[in-house]
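Presented sequentially are two complexes of chain A, the first with chain B as partner and the second with chain C.
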Partner chain A sequence: MNVTVLLAWRNLWRHPRRTWLTLGAMVFSNVLLVFMISLQFGMYRLMIENTLLTFTGHLQVQAEGYNDNKKMRQIVPDIQALSTRLREKLTLNTVSPRAMAFVLASSKDRTYGIQVLGVDPEHEPLVSSIPGLVEDGRYLQASDTAEVFIGRVLARNLRINVGDELTLLGSGRDGSLAAAVVVVAGIFESGVTDLDRSIAEIPLTFFQDTFFMRGAGHQIVITTPDLSLVNKTVAAVDSILPKDEGLVTLDWNVLQPGLKQAIQADISSAFFMYGVLVVLVAFSVLNTQLMSVLERTHEFGIVMALGISPGHLGRLVMLETAMMGTIGLFAGAFLGGLVTLWFSYNGFSYPGMEDMAANFNLPSRFYPQVTVLAMFLGPLVVFLFTVLSALYPALRLNWLHPVAAMRAA
Partner chain B sequence: MTAVRCIDLCKTYRQGDQDIKALDHVSLEINAGSFLCLSAPSGGGKTTLLNAIGGLDAPDSGEVWIAGRRIDHLKKSELAQLRLMQIGFVFQAYNLIPVLTARENVEFVMQVQGLSAAERVRRSSAILDEVGLSGLENRRPAEMSGGQQQRVAVARAIVSHPALVLADEPTANLDSRSSDELLRVFVELNRKYDTTFVIATHDQRVMGYARRVIKMLDGRIVDDIEQHAD
Partner chain C sequence: MRLLRIVATLAWRNLWRNRRRTLIMVAAVSVGVWAMIFMNALMRGMVDDMVRSGIESLPGHVQVHRLGFRDDPSINNLLPLNDAELAAKLDAAGLVAWSSRINVPAVITSERESRGVTLYGIDPERERKITFVPNSIVAGRFLEGVSDKGIVIGRRLLDALETDLGKRVVVMSQDPDNEIADRGFRIVGVFEAKLESYEETMVFAGKSTVQRMLHVADRVTEVAIMSDDYRFVEQTVQTVRDKLGADVEVLPWTELNTYLASMLTVMDGFALVWTIVIFLALSFGLVNTLVMAVFERVREIGLMLALGMRPFGILAQVVIESLLLLLMGLALGTLLAWLSILPLQSGIDVSAVADGMEMFGSSSVLYPKLTMADVVLANVVVLGLGFIASLSPAWRASRYQPIEAITKV
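Moving on to the complex of A and B:
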């Protein structure tokens, strides 16, 4: 048995109540950290997934520059064929072409400026949740019929219903006037006001005919089975794209910059709070270890007189702290994991969460997920700061003089 | 062979606006294998001299030699190493680490000295037996009498067979029976291993065991008596 390790362990329990209190603070903050971080990570994931899977997708192929300035003539040529090729090469069915134009939409009574999308009725439901949000009527079917699928708010604004006619007026790819009359096939409600108010989907082939696209479109929307696969898929798509047509592959960060910014802002405010918590725990450990070193001054004086170096004693103090930190780490991660697990079945909500939830199309009751990362990230940082905070009491021993120390009561 | 040689040691402490000469030109030579008693009334300079010999505190001037090596100019870490490997210490009281058992207290120092676990167990058993503590190896200091605790401290001091043991009033907290037991252990070890013992005390009875008694007063050596121990 290593006597130093034994000694460190026994020293830890010299004042059991003090150790338990310090450990309590450590475990409490660790549980809090595990739960909060789980909740946060889960929420971000949901935010990302919900936002992207509603409409944007994980990545898109576009003409270079189109994303910044959506001009009709910045096109993806021969978009159906390219989509088919991507589906085959990526062995991924969730690839859907779109074309997009800004038009005036007029019903009998009213006119609104909207975004009209040409979509592939077969593949669009695989990359977007909108087709599945049918409130009334049905989604688009054939690719060349003069039908439209619109949001609930737009329908209300235009005062139209399923079966009514809608006139679209815009300009084609070449700048010439483009117009069409379409029949409302279905109405959707996503809960995202922007989408419900300003989006209309029509079959891609019909769009291409109406807007003189000559087989072209503007975006190929791709979703991957998991967010973590996005980077790999971007690279794969890049290698498949024809080199000379000025096409680029953009990931969701570029397509939805607001999303990442919102998350980053939330992360920095949350991590500031966590930082305060960690510093408080570190000070409590510092206080405990400083006390425990001070009250052992005489004892340290004796063993230093015997020739045991301050460095050895400093390592002893660090070892004691590391032992305490390790207990706090695992107890905190374990209990934090349990608490999170409980909420993962029973759900969690707090005042103010509804605002954030509404903005990002999230449920207002939230079910966090237990992940190893969320379980150990916070407790590991606490452990690190715990050990760091013992450096001061440990290093102080270098200035302890054995004769003076032995004189201490 | 000379175990300890002190040449013209001086040490002055300032107390308020008074200079106190704790060591006042002390010169001294101690042969290896001596059993020496340093006797002085309280404040006479015993502890100061022992600390200088043991490299715990540097004198203001003069030289200290241990086993032919001058030590008063050594670095802190060199002194610590010297004490760890070559000098045993026994202090007045509270010598032991309270959370360790008798055996663990002895083993702790041996571990720092770099001895293997098997060697530590072997030697600690032997030495605790030698100081009359077999059966008490697993007791903690709080579960032992003052005399037993001091014998653990002696066991710890002697376990690696240092050439020199310095004891500062080792019997001050003991009753006369425990004192006698402890001193008999000292004598025994001194005989058996030829270890040099330097014991600071103002206890008359301790002096009876010594073969040489050095008397100090106000930091000066005032008497140096060779005697036959009882």
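Moving on to the complex of A and C:
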């Protein structure tokens, strides 16, 4: 073995307690980083998927400006035909047209303002999880006309059940009065009170007749097999859309700007905390390496007098640090991975988290995933800072004078 | 006592034998303490702001409803007491402020658009002490008296309805007999809110006007009550319960909005966990420093023991050395935290992620909030746990056999 490597290794274990304590700081931070980063990445992914697949989809085709104002007359003309064309050209079945209106819904004894959606009963279940949450009755079918599918809370507030009638009163595309009587076909429960309270779905063709849409709708919802395919799909959809009808393709960042920003806000506060941990470890290493250099002043003086260059000694110190860092890196990644693995089977939860989690469409018990990236991202940064913090003690050797050093106690 | 004084002097001088090491450790403790206090102040400020604006939107620290109203917020669930009876009971209760109101789901329609909203029929005079709206009017005026014929809506709703100040809108809801109740209102005021969702969903009109529109005479659906401090509402709840009897539901905001309440608990938990994590990261370095300090003085310690110093004196010396070091770090860290929070009192603008912060329920300006409790927490944790951590090296130092120690090279 190379003499320098051997020397570095032996130097490291001159004070086993000190080395172990410094390693302890590293491993502690690394385990924490690995676990927290795994938890975060997993949570973000779940947050995005749960939020988008409930209702919004990964991307949507809309009239320009509809996303901001949601006005009745900002339409996608001939929406069914366009959806069919998108399905064929993208070879993707998860494309579903929708239309939307605010109406006053009256049952025998109650009246509420709600959002009514015209949906394609055949394709809606492919892009939204709501049709799958049937609690009572059934979801809409292609043969339905004046049928409605509503949320549990809304049904309770309106005091209606499957088979009961509901009167919808609103204004059509041209501003004129639009009214319809529909029969409840089914009731869903998503657990998200806002959705359960305010959403009613009716067949798109019936919606178009009732609200004088003349074949138009408001959005085409598209989901992709994986989140990473969204950008490619947006480009593909853009190239298929007719050019002169003022239609735009919006991805989920635009449709749900809060989602990405919430994640960004969370990431920046988390990175501040990780940064502090890393700096503290760096201090620990700096202290240790400085001590280990100072106590060897005498020894360094002798070897320098024997002709070893300060640069060589500096490399020795750096090598020692790198060795320690490497042990910390792998031990931390390994232990952190183990901790994460344990939680990936048993789930992680924090008292009081249920309400917060529900706010972001997350389950109250969370199962982080062990990934190579999450396992090594944190520890690698710690390693980098460990090595950097040893630069000062190592460079100091350049100013060491052999004679003065040998005289040192 | 004399022993302690000598030991303390020794400890202090020992600290400065190796100035660099001590300074690095003090720096590490300072950074750690700074991070503890700074982060907690930031989070505390955010949560505080969330709770405040959350309470503003409810609004009120305590609310009174008929049993079942919260699940079914309909005009059929009126409070059993009318305005006069409520005034008779509540005015005598010595409350900070209270106001009765009608709030029902409604649909608001302009010439071009309609939206679902919550219509509040309020008493503007009383409401001034409770809601943020009177102080957030950006155009026009707030309501003037219970019989005001105008309506005040949010900026975003105004845009969505494509209408303007001075124009007329129609508000539709239901009366207790489930007949459609509607009325035209002139828009007299526009308000802005910290959270966009409030601007979209809350509209305000005079209480008597709304009562006439809904055919409910002098009845209301809700009473909102303020207390001195949102953290201590139990007393107010009790007073109101005693006054109004058992057939109404009197709830503090912590139960009206469990998300906000859980945020407060989560925040307290977070502050503690974060403080301890930082301390643990520090503790490795601290113990390491003490171990080194003891190690270089083994002979000296042996000599002192041989000259008759009790092992307890040695133990005290190391522990005091550690506490002095921590105290310096704490003083510096606390000062740093205070200095860094001071210029940020006017708020940190995070509007780049405004939509994301809204998902958390927070506005886009963060006001860090330095609380005594967090400063004390950081200081107590560091000193308390620091004391415990230094016991082990101190104990080992006091257990040396004098002869062995003196002869150790």
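Assume the second predicted complex is superposed on the first by the 404 of 409 C-alpha atoms of A that agree within 3 Å, B and C clash if a C-alpha of one lies under 4 Å from a C-alpha of the other, contacts with A are read in each partner's own complex, and residues count from 1 in each chain.
Here, contacts are C-beta pairs under 8 Å (C-beta built on N, C-alpha and C of every residue); 3 or more make two chains touch, one makes a residue touch a chain.
Here the structure is a predicted model, which is why all the values come from computation and not from measurement.
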item: Chain C versus chain B on the shared chain A, clash or fit after superposition; value: fit
item: First (chain B), second (chain C), both or neither touched by A:Q261; value: second
item: Partner chain(s) touched by A:G307 [first = chain B, second = chain C, both, neither]; value: first
item: Partner chain in contact with A:H15 - chain B first, chain C second, else both or neither; value: second
item: Contacts of A:L277 with chain B and chain C, given as first, second, both or neither; value: second
item: Partner chain in contact with A:E299 - chain B first, chain C second, else both or neither; value: first
item: Vertex chain A; arms to chain B and chain C (CA centroids, nearest 10 degrees); value: 90
item: Touched partner set for A:N69, first chain B, second chain C, both or neither; value: second
item: Chain B versus chain C, judged by how many residues of chain A each one touches; value: C
item: First (chain B), second (chain C), both or neither touched by A:P402; value: first
item: Closest Cα approach, chain C to chain B, once both complexes are overlaid on chain A (Å); value: 13
item: Contacting residues of chain A [partner chain C, same complex]; value: 15, 17-18, 21-22, 24-25, 28-29, 32, 69-73, 102-104, 106, 108-115, 153, 156-157, 169-171, 175, 198, 257-265, 269, 272-273, 276-277, 279-281, 283-284, 286-288, 290-291, 294-295, 350-356, 358-360
item: Partner chain A, residues of chain C touching it in the complex; value: 18, 20-21, 24-25, 27-28, 31-32, 35, 39, 42-43, 71-74, 76, 105-107, 109, 111-117, 159-160, 162, 172-174, 178, 180, 258-259, 261-263, 265-266, 269, 274, 277-278, 280-282, 284-285, 287-289, 291-292, 295-296, 350, 352-361
item: Chain A-facing residues of chain B, complex; value: 51, 54, 56-57, 77, 80-85, 87, 89, 91, 94-95, 97-100, 104, 107-109, 111-112, 117, 120, 156
item: Partner chain B, residues of chain A touching it in the complex; value: 1-4, 6-7, 10-11, 14, 298-299, 302-309, 312, 402-403, 406
